[in-house]
Structure formats: C-alpha cells, structure tokens
Amino acid sequence: MNYKLIDRLQILSISLIWLLFTGIAVWILNLIKESLRLHDAPDASLGISLVAIPVFFTLSSVLTYVFIGLRKGRKKDVES
Amino acid sequence: MRKHVALYTIAFAILCVLIVTGCSESKNYTQPIQYNHKKHIVDAGLTCFDCHTRVLTHEKASIPNILICKGCHEQPMTESKEEKKLVDYIKKNQPIPWIQVHRVPNHAYFSHRRHVAIGKVACLTCHGDVAGMTLPFSTPYLPIKMAFCIGCHSKNHVNTDCATCHR
Amino acid sequence: MKWGMVIDLQKCTGCGECVAACKLENNVAIVEPKESEMGRTMLWMDMLTVYEGEYPRLRVRQFPRPCMHCDHPPCTKVCPVRATYRNEEGIVAQIYPQCIGCRYCMAACPYTVKSFNWYKPEWAPGIRETANPDVSVRLVGVVEKCTFCVHRLQKAKEQAKAEGRNLREGDFQTACAESCPAGAIVFGDLENTNHRVNPLSRSPRATRLLEDLGTEPKVIYLKEVD
Amino acid sequence: MEKAPAAPNPDYDLLRPIEDPGKSFYYIVIVLLVIILYTGYVYIRQVYYGLGVTGMAQPVTWGFYIINFVFFIGISHAGTLISAILRLSKAEWRRPITRMAEVITAIVLAIGGLHPIIDLGRPDRMTHLFYNGRLQSPLLWDIVSITAYFTASTVYLYIPMIPDIAILRDRGVKPRWLYEFLSWGWQGTEQQHKVLDRAMNILMVVVIPIAISVHTIISYIFAMTVQPGWHSTIFGPYFVVGAIFSGIAAILVLMIVFRKVFHLERYLKLIHFNYLSVLLLVMSLLWFYFTFSEYLTGYYGHEPNEMRVFWYKFSGAFAPYFWTMVTCNFLLPLILLSNRKTRTIPGILIASISVIIGMWLERLIIVVPSLANPRLPYPTGIYIPSSTEWTLFLGGVSVFILGYMMFARFFPVISIWEIQEGRQESAKAVTERITSYMPDPQTPLAKG
Amino acid sequence: MKITRRNFLQMLGITGVAAGGISQVWAIPDKWIEKLQYGPRIETWKMSTCGQCPAGCGIRVRLIDEIPVRIFGNPIAPVNSGFICPMGEAGLELLYHPDRIRQPMRRKGKKGESSWVPISWEEALGQISQGLKGLLKNQQADRFGFFFGDRNTLLTHFAGDFVTRMGSTNFFPWRAPGINELGLWQAIGEYPPPSFDLDKTDYLLTFGTNLLEGPPSPVYFNRLYGKLKESRTRTGLKMVHVDARMSQAGKNATEWVQIRPGSMGVLALGMAYVILRDKNFDEEFVARFSVDFRGGKEDFQTMVARDYPPDKVFAVTGVPPGTVLRLAREFSSAKAPLALSGGTSDRSETALFTQWAVAGLNALSGSFSAKGLWREPVPLPWGPTPIPSINTRSGAFSLKPKLAPDTDLPAHWASEELPHLRSAGKLPDLEMLMIAQVDPLYLPVDQKPWQEWLSRIPQVVQFATLIDDTSPYADLVLPATTYLEQWDMTLPVPNLPFSQLGLQQPIVPPLNGARPIGDVLLALATGQGVTTLLSEKSGKSYADYIGERLKPVFASGKGTPFFEAVSLKFLGELRERGWQVYSYPAFADFWRLLQEKGGWWDPGEYPEAEWKKRKKFAFPTLARLNALLKERALLSPGQGTTKGEPPSNKWMEGPARKPEAPDSFLLAPFTTLMNMTGEGASQPLLRELSGLIPRVYWQTWAEMHPKRAERLSLKDGDLIRVVSGKGSVTLYLKVVPTVSPEILGVPFGQGHKESGRYAKNVGANPVALIDPLVDPLSGRASWQSMQVRVEKVNK
C-alpha cells in the first residue's frame, strides 16, 4: 500500500474542503455584491451572510484542527 | 414510449457532452451567394442603409433581396461568377435564400431603430468591420449573448432593467 | 411612472373578451382537455365569479383578474433567482429564461395569478408559428403570468423616442384594456394626472383585492354600486 | 489512556457485518439498485417531458417533492440533534445509539436536499442560483443552511468514527486503502484523544443551533408567505419539534431492525428503548401542544381564508388525513408508550412507525390544503400524486436503505471505542459527577 | 399508460389526418414558417369584416410579412367601434385550422360514413355540372335545392339568386334566432321588424333575451350594456331579466326573475292582466293603432281577463303573484318601458306565442308609438334593381299573417322542418342538394328525419372548411374558404339604429386549395349558361358581383365609407350643407376606400317608428292563434306536439311542465358567447374558454341549483349522466345558484361528432336528449323543457 499517496490524498481532501467552503463564501459574497448592485434587499443578504460564513469556517477549522492534531499526536515510531 | 425515453436519455447525455464541449456554438452557414461587402461599400461607395433599408426605421434591418439588387444588377456588371448567380435569381424572379446569421432569440426584443437611429450605435459595434469583408457572414461577428448586451448597456448607462428587452 | 389598471365593475359585463384577447396577444398556451381537468389551464387574465345572497336577492359579481402588479409583491420576495421582480415602472416582470421553475412565487402569490408550463406548450402545427411575434413562446418548466403587455411598452417607448416626445396616454395599452367592449378596463400611468386612471384610482368606489395584505396592488377595481 | 487489550475484544462482534456481510446483503442491494435505477429513469422522463408527469397543477403547485423534502429533512434531526444533546448532557446510555442517529442524519439530509432539485421545472438552470441567486429568498436560506447542516453532520459523524476506522484498519479489513485514508493516522494516543474530545465538544455546540436553524428555515419557506395556514410565527419551533419527533421514531425503528438483524441484543438493551420511547412520548405531547396552539389561534382568529383551510383539514377533503395524523402522532403513541405493559419492543415499533407515517401526513397537511384553498374565489384545488411521484418517493426511501446498508457494510453502526470508553471510564466519571451534585457532608450549612 | 400531452397531440394528429384524408400536416404553407421566423417583419394592416357570426363587426388584421397574426377590431367600424368578441379574436384559428379540407372529396362507402377519396376540383365541378345539366335538360330544376347558412351577408342573396335563376324555388336559408322578429311579424306583418333602441328606455324587461351572448351583435350590446349599467344609478334604468337561468344578461340586469322554461308568454299575459285591471295602459295607442283589443267575441282583453289571473300565472310559470303584480306595475308606470323576447324563449314550444304576447305588452305600454323606443329601418340604397327577396323564394313556407297577407314568414324561421315538409308533400324529392355554411345535423333539430332525408337525395354537395357532422351524409365535400380568404359583404345588422355594409376581403389568398363559395357558384352558373347572375358588363368573379351591387349605393350618394372619429353632430351639420365626408368622384375610388376602411355606413340614425303609416297592431287572441295553428297543421300535418288536435287554449299556457320526480329536471339548454350554436367548437381558444365562467374548460357541464344538488347528494365537479326518454349524455356538474331549482342548464355547442380535432368527441351535445318538439305555430324546433333524470357516474 502506498502510504505516501494516501498521505497526499488526505492533505488534498482537507484542502478541497477548504476550497469548498471558500467557494461557498465567495458565492455568498457574490450574491451580496449583486444585491447591492441591483438594490435588491442587500440588508437581508448581509444578515444571512453574517451568520452563514462563520459557520462554514468554524466547521472547516474544526476539521483542520482534528487533522493536524491527529498527525501531531502520532507516536514517533510509526512515523518512519 | 418507454423505449423512446431510453433513446432520449442517450441523446440527452450526448447533448450534454456537446454543450459542455461547446460544439453547439460554432455553426457555419454557407450563403447562397458569396457576397462581397467590401466591393459594395469601399469600391462602389454604398452605405449600409442603401441596401439594409429598414435599419433606421424598423425592428429588423432586413436582408436585401432581388428587388433591391435589381436596381443595379438587372444586367451583369462584371464577369464575376457570384454575380451571375444573382442575375439568375433576378431573371427567375426568385428570392435569394439568404441565411440570417445574426439571430436574436425570440424572448428578447432587439430593435435596429432603437439602437442605430435613436441610440446612435455604429453598425460595426455589433457586426464588425463589414466594409472590409470580402465574404458574407458565415458565423455571427459576436456570439449573441446577453452578457454583450448588458456590457454595452451598463457602459453607456442605458437601462439594464430586464423588462427593457425581455418579453 | 407607475403603470396601473382600473377595472370598473359597474361597466364590466363579464363577456370574457379580455381573457381571449390576453391569451392570443401573449401566446398563452391552450391546454388540452385532460390537463385542463387537472387544473392546468393557463389564463393570465381570468374571470372570477362571486355569488352573493340567494334568489330573489341573488347578485352575481364577475370580475376580470389580471396580475395585480403589486407594489409590494409577495412573489418577487421569494424568487430565488430574480426571475420575477418589480421594475421601476411598477411592472412585476417575469423573465422566462431566468426562471428555474421552483414555483415558489406561485405558492406565495395570494391572488394565484401565475401559471406554470407543466409541459412544453404545444399548438397544432402551423398555429404556433403564426402566433404573436412580439411575445416569446415559453419553454417547458417556467412560470408565467400577466406582464401588463410589457412588449407593447417596449415598442411604444421606442416609437415615442423616435418621434422625440414623451409617452402619451394611449400609446401603451394592454390587450385587455384595448379590447374591452364595455370600456371597463382602463390602463395608464397612475402617477400621471393626465391619465384617466389617475382620477379613477382615487374614486370613492375604488377598492383593491385583498387590500389588508399590504401588497398594494396596482389593479384597482371600481365597485358596483347596485 | 491504555491501548486496547490484546485479547479478542468482545465488542469486535460488531465488526461481523463488515467482515462477512453474507449473501442476503447482496440480494437486497441488487433489489434496491434496481428500484433506484428505475427511479432514475422516471426522473429523467420527468426532466424530458416536464413536471406535467406529476400530479401537481394550479393552484396546488407543490406536492410530494416538497412534502418529502420537509419530511426527510425532518427525519435528519434524529440524529445529530439527539446525539449532540445526549452527548452534551453526558447521558451515558447514549453510547450505543449515537452513531446510528448520526448516520441517519447524513444520509437523509443528502436525500432530502435533493428533493427541491427534483421539484425544479428547469433543473438545467440550477446554475442560475450561483450567478443570480437572491439571498432574500427563503429558498436560498435553505440551500445555505442545509449545506451547513450536511457538512456539519458529516463531520460530526466522521470525527467520532476515526478510532473505529483505525480498528478496522488495524484488523486489515478490506478495502484497506479506504480505512487507511479515513483513519487519519489514528493510533489512540492520549494526545489524539484529547484533540478528538475537544473537536467533538466544539462540534456538539455548533451542530445544535445549525440543526435547529435548518428546520426553522424550512418552516420559513412556508411561514414567509402570506398564505392562510402558513403565515404563522409558531412554525419554526413547530417544525423543529416535529422534526425531532420523527427523528426519534426513525432511530427507534432502525434500532429495532438492527437489533433483530445483527443480533445486537447485548448492546441495544431494553433500557435504551425505554429511555428513547419515553423521549418519544414527551415529543408526542410537545407536538400535540404545538399543533393545538397552531390551530387554536387560527380558529379563534376566525379569519375567513384561514377558516377555509381550517375546515378543509378538519371536516373537508383532508379530514381523513388530518385525523389519521392526530391518531398516529398523538393517540397511538400516547396509549402505547404511557403504559408500561405496552412499552415493549413491538409496542415501540408500532408507535414509531405510526409516528413516521403521522409526521409524513403532517407535512402533507401543511403543504397541500393551504395551496388548494386560494384566497380569491377559485375552485378548490385538487392534488392526486401520479405514479412518478410515488416512484420517486419509493426511490428516496430505497436510497436511504441502501445508504444505510452500505454504511453498515463498511463501518460499525455502534461505536466500539465509545462503548469501551464507557465501560472503562464512565462508571467512575458518573459516580464522581453524582457525588459532585450532592450536598457536601463536610461543609457545614451556612448560617442565616 | 398515462396519456401525456405529447402522445395526446400525436393522437389528435393521426385522427385529424385520417379525417382529412391527406398527408400534409401543416396548416400553413411551408415557406411561411421560415418567413415568420426570419423574415423582414414588415407589419401591415388590412380591414375586413368578421364572419364568425352575423353581427358584421369590422376587423383589422395584423399581418407580419403578409401573414395574418392577429385580429383586432376595426376602430372605425360603427357596429363594434374597434372591439370584438372572443369568437372574432379566434378567427385565425379557423383560418389555420390543421384539419381544414384541402381538396374536394368524394364519399367512399355508404351515407353516414366518414371516409373519403380526394378528387380534383375539375372532377368535382364536372360532376356537379353534369348533375345540374341533367336536371335542367329534363325540366326538373325544382329538384335542385340549396340549404344555406345565412351569415347576414350578400352571399345569401347571391346563392338565392343562383338557385332562382337555375329555375328552382328551393332555396332554404337558415339563421340563428333573432329578437322580437317572430312576434312582430305576426302582429304587424313586417319583416324586418322595426328595431328597438335601448338607449331611450328606463325599464328594460327581457324575456329570455340574451343580447350579450348571441345575435344580433354581442359586441354592440356588451358595449351598450356597459354604458347602461354605468349610468343606471343616475338614469334610474331598471333592467329585469326573466328566464329560468341567469344568463349574462341576467347577471348584468338589476333583477332576475326565475320562471319555468317555455312559460314566459304566460307571464307576459299575466302582466297584461294586471295592467288591464289597473287600466294603466296607453289608451291612445290601443284605440288608434290596434285591432282585436276589445269589442270582439274573443278579444285580447277578454282572453287575458279570463285566462291569465296572477294565481293561474303562478301555477304555470312559478312566478309568485306578488312578483307578477310588481313587475306589471313597474312596467306600466315606467316612462319608457321596453319588453324584449328572444333567446331562450325563442327555442321553446311557445316561441311565437311568447313573442306575440311580449309584443302585446309593448303595445299596451304604448312604447311603439312614442318615446323613440322603436326605430324604422331605412332600406339600403340598392338602387333600381331590388335584390331578390329570400323570403318569397320557397313555396313551402306560405304562412302569412292575417293583417298583411302579402308578407311571408321569413324562411329562416322554419328551415329546420325541411324533412317534414317533404313528407307532407310540400317539397319535391330533390335530386341534388347543396349545403353551405351550416351544419344541420349538429343543430337542435330532429336528426333522424334529416338523416333519412339526406340519405334519400342522390347528390348532396357540401361546401365546408372542416369535415363536420353533416359531411358523412354528403356525397361531395368541397373545401370552402373561410371569411378571411374571400370577398363578401355583410348586410345591416337587425336591431341596430343605423345601417352598415361591412366589406369582407381576402386577407390572404385561399389556403390549401380552398375556393370561395361565390366563385364556385359563379363557375357552375357560367357552365350552365346562367350568366345573367351578373349584369353584362361586369367581370367574372364574386367580387365583381359585390361591386355591381354597390354601384347603386355609390350612385345614391348616401352614407359614407367608415371614417375616423368625427362627431356625429358635426357630420350632421356637414351633411345638411350637402357635404360628403370622403370625396370619391368615381366608383373605383369608392371601392378602394371601402377596402381601406372596411365598409360603408349611413351615419344617420334610423328615424323613430311612425305607427300611423302601418296597418294596425294585432293583439294575440285565441281566435287568431287557433287560426294560425290550423293553417300550420295543414302545412305540415302529423308533427309537433299538437299532432293536429283541435285547437284549445290549453297549450298556449305553455307546456306547464314541472319536474316529475325528485331526481328529474327540466332541461334548459343555453348558448354561450364563446361558442354560440357550435360554431366556436372547432377553434381551440373558444373550445377552452367556452366554460370560462363556470370554469369547466373544454368539457360540457350541467348547471344545477345547490338545493337540488344537496338533496341528490351531488357535489360540484361530479360527473353525472343526464337521461331523457331519447338518450343520455355524460356531463360535469356545476352547482350554481344561477339556475332555477327546477331546471338543469346545459350549454349548447359542444359534442360534435366531427368538425376537426378540437371539437371531435369532446364534450356532449344536449340535442341527444331532446325529443322532436316543435313550436306548433312557427315550426321552429324547441329545445326547452325536456324531462330529464340525473344519475351520478363514478369517474
């Protein structure tokens, strides 16, 4: 079994999750921009984004925290 | 009918692939006569409105047909093969089957009068340097997309309200 | 500018011409019998009937019902893609190529004015082609409704501009207003005092449908007095 | 923290379905796959012809798809919310059931989340939501909150599963790369446990408000319109309560099924069922309370349009459904669960199934009657779901069963490490906790 | 498998093709499609006149690149002032109907079978020509007949002329019921009768008359009603509608009076009873202008006093005595009361009696002589050559009123009786019958004798745009043009206060090989050597015939082509000074102007009716009615309800039928604006909208009173079977309070057996329930008061 490949894949998956959440954030920001441009209830859009974006980032942070924490917590002998 | 749906499903899948690869975009039309815009505009000194007579007054610019061509080409003026085709059409009193290349979809209202006569938009903004063309259009100069309309409208501070064009 | 309509119920005879004119003007699909029975008939302009009292005191009130073009439309609030929105001239527009067909606006409309293309609208061969070229033929899966004949406004504005003048009353009339034999439907700019709708909308007989919802419809009914 | 003992662990029984799924597993999978494929065909047919193949029409423009959307998302509350609340309140009996609940959430959310897409007339224009979405629309709130909930609950399912995946990895269960990939290098060190614990504590706190928000927002889809029967402030909590209610019933059914199929009597003891069924009973009462308040305010206000919908439900065309719902959601659970004699496994099963049916009916009763009774003098709408809608409903349920089976095929449905942890530490921890609640005998009472 | 829209349409397509017997599917030429999509979009407008009903509304057709896309009202047409009705709107659907006949067709198989062999026009015309030649050679011109749907156009005159000049008298025009015509014809012996003016009245009493949903001109009267309704709070106008069902006229009236169908004449005489007793009638009119009012043995006064006291009226009509009293007093004390009959009252066994009785009410109130309520129609300035009168064509209809024995009963009124007339020996056995613009086997006639009669005629030639219910009994079907492809001229509309000629001109050249009826007849006539149809100098088409007819109008200098808004007053001043609005020195200019403007009219309103010039008003008396009945029985014995029984006054009270059983009803068919007498059924728009008000689209419904529905435990939307002694139909139930509890209202105009894909086998035809009842006085088929039973059907 190719441990190195799996290791890479794990890192990739974590970054993909970040990408996804950043994507969502960018999407929401885009929608706010649109609503500002078209004067289409920007207040509602802003309110929702204020709640939504932090939630997504909390989630990804927790995942990253676990990911890094588990790696750091590994016993030294298996490392090699 | 169930059978059909299976077929349609496959067709749908193929269509999706086509759309994704963008095959549907590049359609080439072959015009019945290889009309030379340059010769008419630069050499003969005609303007767009001489032949596309309805540009300034109507929604559609109108593609000139034998009635207008007849004005000059009742008898052949050159030895061009393409002109011979035209003269044949005129003789037979049969309309030239021009293919309209710039087609605005049905759900959008686009009026030449509004743009050219009232808005003073130059023809070449949308149709390119027609005066330099030696062949007729086989593909649209621009992809006829809303983004282009909106781009121009917002640049010129024209109304971008959807209901201005959508119908 | 605030386009609005006044429907004088004292004049309206309930003949249904507005309904027919609307269907043809706007290429509204004819829905075949089986579908119709399910309740999929498409009418942008509808004719509603209210029965009051009992014989011999029975009164039957009929009233045409276009889209109300509310000033605070409940439908546009919920549209997830801005396929329906209220423009600056007060017309609640419906942008067919934008609609994703979620039908939320239909569920939210308290007047139930919207129709949905459950199937691809189909006509007998040849009839569809000869439909009104000024209005698009809708695709399957989109919501549609009365647009106050906005395609006529587009043309009327262009004509006025070409003639270098402002839009006059009568330049822009909806198909229903134009065709009402009894002259019950009047259309115009509610904010322009020169338009007939302006004084009429302030008539003591003026009411709006479901006024208490605060939707502020721009279709104003003049009550029957007898 | 000590490493797991080398001796064959009795809890490794739980891995049996993974190591040897048996033939019947594959048969069922094939059957389910056939159903799902047929569903797929039916859906493509719907996309091709348009929504006309369904039974929806004007004015009932929403039907099964939206009902099932609300229903499935409701079921999803089983999970995360319950397991998070139980975890947060340190209820030790939770240990064998949390994962089951969390899996329900993840799978059902994915299914429920797809339903609005099925419901679209133009699914090909989905991308418009990204370019031109409007955050003012409750539908967008839903997209955001369901996405958040789905990711949160998946994370919440996944993180406590890491130690178990590591067990599978260590036992060399195939496919090894999968377990290797998913175990994130878990070795059970103290450091890793600490990280896991902390992450879970954060998640518990985050997940509960997200879960509540999801169902509140789904209720907003209805409550934000001005339609009679929908436009109600109580709808948010009402939906949340209903969701948890149906969620608990779903877990109970699943627990009973798993207990039977995998012979988990050792893990899923009567006490678990007893506790959960009492919880179900409580939710049933709560649900009734909300239903009562909702209809009483409507009735008392006596607004004509409201009353039209009200009578439509109470004595009109929807009366059979309405009263079945009341029976299923309130009377039957009340009778079966309040009596110790009937609070047996079969009794609980019947009550749970009736609650699931009742809650589905509740969604039906919320969605259809309000649409069927427009305010203006239109005729009352009719809605008869077509075979397409029934098939897609069946397909949804099949996807759920298949998803659950696949999960059980690859991962243990009962958390092995949490049970071990419970065995080793909880007794001590609970004793400590209880003593800490008690009045301290050494400290004298304060004077005054 | 569920029927989706797609395969539904496919199915329709297949049946359509099978019926038409052709392979082409497009309703429009192929080259149009490209043109419509990518053409230069040149917009033009053409004026013409609507041909959907006899009202002659001016239309303005919008053409894009020469292709008609929409029909609007002609804003300068005086009848409709720019408005049209839904039927007018839907005209293009008729033009572009996908099932239009594209070729002459000969029937394959027996009579009654709808299978066809397409043949060429030459072959078809040759066949007819040969037939005609044979008849003429054998001096049997009378064996040739023409049953012609009168659309109030010149074509009717032309066809009548054609038949006459062939040497036959068998021209049978048919027209939908009119208003007051029958009663006034009996009472004063005039046709056309004086027309009424609603503008002047302050009390309008309509006995079943539905001006809003049918002839003479729904658009004109909807407009007028709108005006009257709006101003009635100021003017105090009261509109009372007497009918079993609250039609649109009832809904727009101030009051609706429920009555048993067929008994309206009794109510009218009941009111006369009260008026006479109160002595509140116009003594002067009665004394100066009437006969038989009093003094005789069987005069009007005696009859009314004896037979129509309110309690008796109540027993027959179901109208409470108090209401009779009130109506009578309101009517007699109004300043300008007007009573109208027609509509549903005209389709009962007491049609003529009712109209006469209502005319009697008008006479009592004196409204005829004063108040400007009645106007004198001004004859058209046709010039020295009078158009052949259609009324005297047929020897079969020789009933004459006593006062004016030189006046025939308009043949329109009883053409439905043709088969009976044949069996009565009043009509020779025909060798060839032409049928045009009407579908007799769909109409509310006794169909069996019609089928037999048509089967007996060896050559039945039908002009039709669509294969209709009559076609299976035709031997040859010729594709006729619609009104949008032909020349024609609509004549003045009855009961409008001015005269108008609406020009129909081809908006498009005839589609799909259709030919205008006029031109085909002309070709046939020329083939037979009957060239005198036209004056020597004119050309060879029907358009030229119209031109010929118009020349006297031009020469008279009267009237003007339609003109843009100029106030009538101003115009009047101009005319007084000898001005004309348009100057058209030559006929060619006049003709061009007519085409441009859409028609000609005489803006001067009709003058007030002058009763001194008339003979007298004959009140209906028992003697008169019995005499008429006797005469009629001689004319066509052995049919009708009376079956030649000795006359009595029993039947006059109207068939005082009540529902016999708890689940039985009196059938009360009615017509709708969207469909009229079935003409709208072939057009999908009208098909869909004919049930707009009750919201039953496409299907046929039955209207029932809520109380009855409740008693029978039926719900709105249920499927019911309506059974009579004759047959049964299945309908959708509509529970509405707008019908009397005794009746079952069923719309007429649906349930065609043919007539294209949109009409075929959709809905139901109440005629299937109706037994052959005929008004014994006029011979007009009745469709009211059938006893029917209702059963629930599970969907």
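Chains here go by letter, A, B, C, D and E, matching the order in which they are written, and residues are numbered from 1 within each.
The definition used in the following text is that contacts are C-beta pairs under 8 Å (C-beta built on N, C-alpha and C of every residue); 3 or more make two chains touch, one makes a residue touch a chain.
From a predicted model like this one, the values you see are computed outputs, not experimental measurements.
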| item | value |
| --- | --- |
| Set of chains whose contacts include both subunit C and subunit A | D |
| Centroid comparison with subunit C (C-alpha atoms), farthest chain | A |
| Taking each chain's C-alpha mean as its centre, the one farthest from subunit E | A |
| Chain pair, C-D or B-E, that carries the greater number of C-beta contacts | C-D |
| Most central chain, Cα average position | C |
| Mean-CA-position distance for subunit E and subunit A (Å) | 77 |
| Averaged-CA centre spacing for the pair subunit D and subunit A, given as whole angstrom | 25 |
| Computed distance of Cα centres, subunit D from subunit B, in Å | 57 |
| Centre distance in Å when subunit C and subunit E are each reduced to the mean of their C-alpha atoms | 33 |
| Residue list for subunit D, restricted to those that touch at least two other chains | 49, 52, 132-134, 136, 140, 378 |
| Where subunit A touches two or more other chains at once, by residue number | 40-41 |
| Touching two or more other chains - residues of subunit E | 4-6, 41 |
| Subunit E partner contacts - residues on subunit B that touch it in the complex | 1, 54, 58-60, 62-63, 100, 103 |
| Residue ranges of subunit A in contact with subunit D within the complex | 1, 3, 6, 9-10, 21, 24, 27-28, 30-32, 34-35, 40-41, 44-45, 48-49, 52, 55-56, 58-59, 62-63, 65-67, 69-75, 78 |
| Touching residues (chain side subunit C, partner subunit E) in the complex | 8, 10-17, 19-21, 23-25, 30-37, 41, 47, 49, 51, 54-56, 58, 60, 62, 119-120, 122, 124-127, 129-133, 178-184, 225-226 |
| In the complex with subunit D, residue positions of subunit E that touch it | 2, 4-6, 695, 716-717 |
| Footprint of subunit D on subunit C - complex, ascending | 35, 38-41, 48-50, 65, 74, 77-83, 98-104, 106-108, 110-112, 114-120, 139-143, 209-210, 213, 215 |
